């Protein structure tokens, strides 16, 4: 029980991570894949931040007298990672928009079908 | 100023990328990017010289001392990789000028160079930094710009290829972050050397093997190691020629470098190879990659995709060298890092010439090109022979060391497989050669108009071909550097 | 939303405050929670809100895309430029101590100020340009 | 001129010649042919200047560069290499003369390309001949394979493509798959690849390992065409006749057997081979190849194909000599390189002459043709005699020593093989000129009489045929050189 409750932050992280990862690999709709990817990445952010958090610790700002600080570094790192994640999601969405314009669909299986038809047409033409 | 070379190596292309976005017309942006790539190349050469003469260089960003601040740390290993990346950049960018104009919409061209320079920044950054989180940041810079480059390809397939690459790449990068986080949680440091010291004292913790596993899988995804390679063939096939030449020659190489860094500097060879038995994981994967990807390459009709599969096989050779875990094995791996970068860049650039004139890279498009584009096809043949591993080319040097390393272990069947797959490389290269030299040209007007590619494309291609031959005839430098790099990684005193 | 008067007025009232808040977050970043990332996003939010209510065209007139793109590049240049200046002054890259002559603490302040300025510029530019790029496509409006 | 300079020039001059040929191009065909002949003459002259020095015991050495640390591209001239280079360079002149007649008479396309790659191939042959270590030999061996590929596929037809594929595939496959590992293995156990009299492997290899390694070499050197890696040779018959002459008499196949001789003498060392008995099994393989190739040659009606199988058999004579690993065997093998070169090139020249003048390719079409082409068929007869090993031709001597070699090794079976094979040679080779002169003429031939081949072709044939006869009467200089190999 101690194991389960004491590491509850890990359970949250693992649950979100698996959830996101499952969506990434199981969905064919591209937007859903991106959603899954975001959840997957977010789980890592929580993981990092919970690493640095000390129960009862304050923000690491200089005050008089001794104090318990949470580790600020993990938050700083994750700030960077969040920016990266936003950039990835944005780029992904931009690609999805253009894919929609090019193929008329954002479903990977349908796109594969279109590609196969194209290839067959090329072979036919020869 | 020489003291600041390490940071300039990264900052110059970074700032240049920002400037490049604002430059119009496209030609100006191109000229600027070329200038930058040459500067970067010169810096890499100076750094390598300095490292060879004076040993490891350490540079502290912001004046914060090493374990706390971000440190740029350059030893023989990454100086060599820096040289590989910047050489390819310096050769491909001049080539890009004409090639890109043919393949990318005019108003997007400055953006192309911006993405290109950002990619260069990211790859150089991954290589130069001594801080594991910094590795992730630069990794994402290079990956995001690579996705953009791939998406700029002419066909709509480029978009799906880029999207899939993005998803796979992000998953890989996230795995790497998880691994780094776990390492940080047990050691409280992000500096590679510091991590290496502290991890060597930690033995009985479950976190370290988990971190090792996450990092291995994450990097293998970026490396396109079988069976995590599915994103690569389409990404290479659909990207614009100049981008393919650059990415194929550098991106996976830098991923290999990351693998080396984490296995040997951070975790240490003892942990990686004795505790985690890495060799037994990598070796079968590498062998399967070498064989199956060579086999798949033989049956491709799209020559660019064929070379992409061949790249996957070549990555197998590199990981094979690493998985042996001896000095000779690592030397072979690192040597092939350089050699494969040179031959693949040359091959993809030759393909770019064909796209420029013919517009297609399906195997039928090569019919009769031996006569119409003699110099391009000659470049393709020489670089292709290098890929096969014919003597007097760099490919032979790689094969020689790889087989030597395998024989040292007494693994006869592996040596046989390596040799057999060289023959498979011969088969797929020869399909193109036969199409070019023995099939008559099509007689329609389009084909009749095909001429030799312009000099602006041919000269950079041939520079790489000459490099292929030069370092095949006199490999003293590359072998020496690769050998020293291997010794440095394994901590063998010299 | 052209005729929704409450939203229009509310936006008109809110936008200046959002802008001010962004600047507060930016400049208070030296002393308390805050900084360029957050400020940049808040700044961008003001324009996104404006565009949502008053239409993309009006927003583009206020904030032309070229300016947005320039911001993205400019911010990177400011950031890296700060580092280059410290190199030129003889210290390591991004070593702020030398930025104010002989006064390291003051130098740190200056360094952080410029770096954060670079960050807000880029983040703002990026956010708005993502919005422009995706919102401005044909067939989506 | 210092001998070292001569060595370098012998390799470089053909390359320079290739460039010059390329510059002349199709438009200035006469100048182009002059360039070929001049560079051929220069190379032969250079090799000739080396001859007295080598015979006097000098061994000029030269290091060109170090592709891999400890593995230089190095040259060292010794008698065996000198013999090979003499044969190759002298026959390059003759083949060039012949090619001019053949290519023009046959109105071939892409003649410039032909002469360029011909010159490059000769340069590679010189590299093989003068190689100072196994690595250098391997490198030039591969260059030779690649540079002759465009010659084999010269016609560019579907058949040429197929032949070329087999040619390149088999030669590269064996060299990469067997030869290269053998080289690396040698380097791994011996720590050197230098050619040292007495060998470098003594004491570092067990008998079983030595046998395997020797096997890798014998079959890895595909150019020696030991069965079952002989298939490339008939496949390469699609090439124009001068190429066949070059490939089957001089450059390619001789590079193969030369490499095997060199390896057995300077890498393994004959003493080591005899002590561990590693080579005996391959002597039998060579013997089997001799017999089988002769039998297959019987079944071939196509003249060039018959000659190809004859070549396979004759090459195995040389391999057999090397594998006997005693002084008679080595002497016989080395001499047979020369004898077979002149004999076989005469035969191929003859085949080409018949093709150019009479447009005939099958043996069965040649009845009575000797009366219309007397010079050609006379030369053919001399070539056939030399290959069979009958006086008054040079082939007599090499077969004589080979037979002595089998006796010394105590291998009566192999002696029987040699004798039987000579009988078979008479059956499939000598029968051709015999029928050409004495059989009643083909009715079609009477209806459309043919004339002698063009003059350059005849000149070339007469030269090579007379050398074959000359070698019977004056074998001493050659014998002295060969003896140095054995005694060193």
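Chains here go by letter, A, B, C and D, matching the order in which they are written, and residues are numbered from 1 within each.
Going forward, contacts are C-beta pairs under 8 Å (C-beta built on N, C-alpha and C of every residue); 3 or more make two chains touch, one makes a residue touch a chain.
The structure displayed is predicted, hence computed values, not measured ones.
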Farthest-lying chain, centroid of Cα atoms versus that of chain D: C
Of A-C and A-B, pair with higher C-beta contact tally: A-B
Closest chain to global C-alpha mean, per-chain Cα centroids: B
Separation of mean Cα positions, chain B and chain A [Å, integer]: 26
Approximate Å spacing (C-alpha centroids) for the pair chain A, chain C: 25
Between chain B and chain D, centroid-to-centroid distance (C-alpha), Å: 44
Distance from the mean Cα position of chain D to that of chain C, given in whole angstrom: 79
Numbers and ranges of chain A residues touching at least 2 other chains: 87
Touching residues on chain C, where the partner in the complex is chain A: 32-33, 37, 123, 126, 130, 133-134, 137, 139-140
Chain B-facing residues of chain C, complex: 69-70, 72-74, 76-77, 80-81, 83-84, 87, 91-97
Residues on chain A engaged by chain B in the complex (per definition of touch): 21, 24, 30, 33-34, 37, 40-41, 44, 47-48, 51, 74, 77, 80-81, 84, 87-88, 91-92, 95-96, 98-99, 102-103, 108, 111, 115, 126
Parts of chain D lying in touch with chain B, wherever the complex brings them together: 65-69, 73, 138-139, 142-143, 146, 153, 156, 160-161, 165, 168-169, 172-173, 176-177, 180-181, 184-185, 187-188
Of chain A, residues touching chain C in the complex: 59, 61, 79, 83, 87, 90, 93-94, 97, 101
